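Each chain carries a letter (A, B and C) given by its place in the written order, and its residues are counted from 1.
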Amino acid sequence: MRPSKLFPALATVAMAALTLSACGGGSGGSGTGASKEPASITVWLQTDAQQGWPEAVDAATKTFAAKHPNTTVKVEYQTWGDHLTKLDAALAGKTPPDVVELGNTETTKYMAAGALAELKADTFQNSASWLQGLADAGSFDGQLYAVPYYAGSRAVIYNTALYQAAGVAAAPTTFAELTAANDKLQAKYGSDKSFSGFYVPGKYWYQAMSWVYDNGGQIAKRDGDKWVTTLSEQPAVDAITAWRDFVLKYSKADVLGDEAKQDAVFAQGKVAALYGNGWERGVILDPKTGNPKLSLGAFPMPSRVKDGALMPAFLGGSNLAVTAKSQAPDVAADWIAAFTDTPNMSAIVTKAGVLPNTTSLLNLVKPEDKAFADAAQTSWFVPTAPNWANVEKANILPQALSDILSGKAQPADALKSADDQISQLLNG
Amino acid sequence: MASLDTGPTTGPLGGPVTGQSAGRPARPPTSIRPSRRLSPLPYLLVGPSVLLLVVVLGYPMARLVVISLQRYRLRELIRGSGEFVGLDNYRAVLGDPFFLSVVLRTVVFTAVAVTLTIVLSTAMAMLMRRMHGWARIVLQSVLVLVWAMPALVSIAVWQWLFDFDFGVANWALSSLGLDSFDRHNWFADPKQGFVVITGLVVWAALPFVVITLYAGITQVPKELEEAATVDGASGWLVFRHVTFPILRPIYVIVASLSVIWDFGVFQQVYVMLNGKPSKDYYLIGVYSFIESFGVNDYGKGSAIAVLMVLMLLAASVVYIRQMIRLGDVR
Amino acid sequence: MRTSTTAPTTPAGSALGPARRRRRRRRLSGGPSTVATVAGLLVAAVMAFPVYWMVLTAFKPGVDILTYSPRFLPTSPTLANFRDALGRPNFWSSVGNSLVVTLATVAISLLVAFLAALAVARLPFHGRSGYIVMIIFVQMIPLTAMIIPLYLLLNNAGQTDSLIGVVVTYLAFVLPFTIWTLRGFVANVPADLEEAAMVDGCTRVEAFRRIVFPLVAPGLVATSVYAFIQAWNEYILAYVMLSSPEKQTVTVWLASFTTQKGTEWGPLMAASCLTALPVVAFFLMLQGRMASGLTAGAVKG
């Protein structure tokens, strides 16, 4: 039978071709040792840039080309779901990207593992006024590794129609006003068992921890070489107890759920307010994902303990880093500088409604997003420990909060248990 | 269990299976001749697959074992080498009582899922024989559509069907009067959560098994079954004594594959729980993935994967030994 | 592979006419029954429900997708999701890439696996049991554990960001299964059928083509559809191995519907409907061609 004899031959040729081409060397590397201009650099951005601000990417490449005319830029868009798996594989191999976008909670473990190249702050514009939450995420042991890119902060998004119908005339500016507003909403709509005056899913720990930091507590602090967890201290316990009472009174959200679908719930019209990122307004109003007929407003979450102050908001967002294995780290850093320079950053902010990486450009934010810009000024961030990612993977905080809300545990006990588990992971 | 092959007493070339003559030059088989022990034909047929599997999977498998014997975290991954720690990873995994609970949970889950899959598929395949042709094509097309749905999409749809606020399941059950299902979180209790997950896994597995079984069933001569029925045997006896023995090789295939696949289930649990499964939901595949890519302890994650393979091998050793004993010349 | 439509003459004649008459005569044997048909259609409806939900969502505007009372029919159907999905960058190129990868995988794996299955099922040889053990063994290794080592292997061979590398990787995962399954189908065909045909004067190859092949045809269909779907829907390997946007496959393209803001479900479901079509088309096409094979190989009494 002729075909069967062909096949081994074909297979052998194929394998030989594969192994031979291994001698060809990787792509994108620099040519001779003397030249510093690589033929190309590879940039990994998330799909948000592809859909939100592709023109800014092109503009950055143009600016970059002026300085490095012989280097092409290959931009590859990654998906949030598995990009770290892909990054791990690429870092282990010979052809990692030169520039990579990382979420600001993802940077620490890579910095600690030596995956990222050292950068100098003065290469980048506005570095003196970078948002604290992003700057903290980009530095390790005092050295800069990841440049702030863009941010999102959280504030209260509310349904103006429901508020007005319940008799709340203006957006609350103090915590007492917020509670009063919630009471009025509860009085008017509380008979509907799906109605939430203030929607808080149980596992939304970004929300809950804001209360802790507002009260002067924190998750953990550095003590020499160790991390000491502080959630079982009184400020944190009091804050979480108050949070629990607030949530049980005003929220009908699933105490075992997280915030993934809160915009879809809001769009159904039975939620008066939720705590969300600036871009969630867009999601709620987008006809493909929500209800464009709703009218929304936003105000920063007021502090519970100090009238006139704001509850610190968790700053989400992304940073841009250069991989340590990159063949041309200086060139890569130049691309980042071009992408995050003032004109480009302004374009991104005005087009996409996200927050810039610097306080100096916060004034460019659209009027309806002002609440988020204000909220960004007072922010908190997770402990910058290399093992923090493990704490998030182990779901310690969401689980503790669910247990508290469902009544399985008292705040003091649940927080003590969380403290022990977090301490073990951070110091392990 | 009978042998895999339907036990030919004569080799395919017509000669006796055991009678071999050495030293005769190989000739292309064109007519009935005694088989030659050193005929190159089988090796040529099997060669491409062996070559491909060894080249593509050999190195990764070796690396997997090597990494399981090393301390291998993110730093080592980037550097490309770790330090040998012998069996430390294995000791850490096996010494943790949590591992045993994960294994037990996986075994129970696999047993339930495979049983359901096989029983339901048999029923459906038998049903398909008796359906009118056009209806059968409808059912087959539905099965292919189910099969064709990308996993991430089907998991998302199942999540919605069992959603706390918006799920059809909650709506249907509470409309029927079971008020406790109004705004009910199906994943609060792992037992209920696994009902959903098992439903999803079995639902997604049915198309392949049904279509394969049905393909096998078409090879069963109807006359045999008819004869048995005429002789007075009931449906179940006909199945057990006529149909099933003929289909046994197919059942062996789908059952063994189902066991292997269901034992390694990972995506359905991980994605259904939004990437944050609690410890009560860990199956061994989930455990291995999270250790490797969540906590970045690749050494431990690889050790778990190796243990998983060893467990499956151990479970199949009885079967393989029988197969070697009964089915083959050497 | 064209099946021979000239079946050896059997006492029962060709499939449809006399068989149908026989079925009507012998009530006990149970021909197509209305009860079975109704039951089967009910089963189809239950199985299809999640698929229906996917298609339904593709036509819904955002506000109707997740609602307190489920909407079983679209109250205000819209094509906006489809327009959005089709308008995304790289749609057509990713479909093209997926088709290339999938068809190559199916064709090569079917050929290689069928030949290997024949050898394992019919020919005794040294190392056959070892081969079978290897085939079963490689399927036990969890894919997630192999991602990084596989990437490193291809990286060293310079085959990352290459469709060939992806095809070769897919083959390694599809082959064991297809060989194992086809082996069962081939083994199910008694060897004496071939011998009877050869006694009747056919050469070995002819006997194979006329007797064995049509009987194994349904198994080939099932296996090739499986291989098609595995290759078409595979995500993580394609995502990790490929880098350039022009090379990405359809599943990677689908993943781009999720951004920091979450997932746009309407467009994603629309996109999934579109990407499921080639699979169904492939199956229906095979089913049509193989139907003649099913009746041609009718087993005689």
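Heads up, the rule we're going with is that a residue touches a chain if its C-beta (ideal position, glycine included) is under 8 Å from a C-beta of that chain, and two chains touch if they have at least 3 such contacts.
Computed from a predicted model, the values in this text were never measured in an experiment.
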Measuring centre to centre, with centres taken as mean CA positions, what chain is farthest from chain C? A
Between B-C and A-C, more contacting C-beta pairs sit at B-C
Per the centroid of Cα atoms for each chain, what is the distance between chain A and chain C, given in Å? 40
Between chain B and chain C, what's the gap in Å when you average each chain's C-alpha atoms? 16
So chain B residues touching two or more other chains come to 41, 45, 48, 52, 77, 163, 165-166, 293
Each of the following residues of chain C touches two or more other chains, namely 66-68, 112, 115, 148, 152, 168, 255, 265
Find every residue in chain A that makes contact with two or more other chains and list them. 1, 4, 7, 81, 85, 88, 92, 194, 260-261, 264-265
Can you check the complex and tell me which residues of chain B touch chain C? 4-6, 8, 10-14, 17, 29-32, 35, 39, 41-43, 45-46, 48-50, 52-53, 56-57, 59-61, 63-64, 67, 77, 124, 127-133, 135-154, 156-158, 160-161, 163, 165-168, 171, 203, 206, 208, 211-212, 214-216, 218-219, 221-223, 225-226, 229-230, 246-247, 249-250, 252-253, 256-257, 260, 263-264, 266, 285, 288-289, 292-293, 298, 301-302, 305, 308-309, 312-313, 316, 320, 323-324, 327-330
So in the complex, which bits of chain A are touching chain C? 1, 3-4, 7, 14, 18-19, 21-22, 24-27, 42, 46-48, 50-52, 74, 76-77, 79-82, 85-86, 88-90, 92-95, 152, 194, 260-261, 263-265, 267-268, 270, 277, 279-280, 282-283, 286-291, 316, 318
As the complex stands, chain C meets chain A at residues 61-63, 65-68, 80-81, 84, 89, 111-112, 115, 147-148, 151-152, 155-161, 164-165, 168, 205, 236, 239-240, 243-245, 252, 255-256, 258-262, 264-267
Could you pull out which chain B residues touch chain A in their complex? 28, 41, 44-45, 47-48, 51-52, 55, 73-75, 77-78, 80, 163-166, 182-183, 185, 187-188, 274-276, 278, 290, 293-296
Taking the complex as given, what residues does chain A use to touch chain B? 1, 4-5, 7-8, 10-12, 15, 81, 84-85, 88, 91-92, 109-110, 112-115, 193-194, 252, 254, 256-258, 260-261, 264-265, 324-325, 389-390, 393-395, 398-399
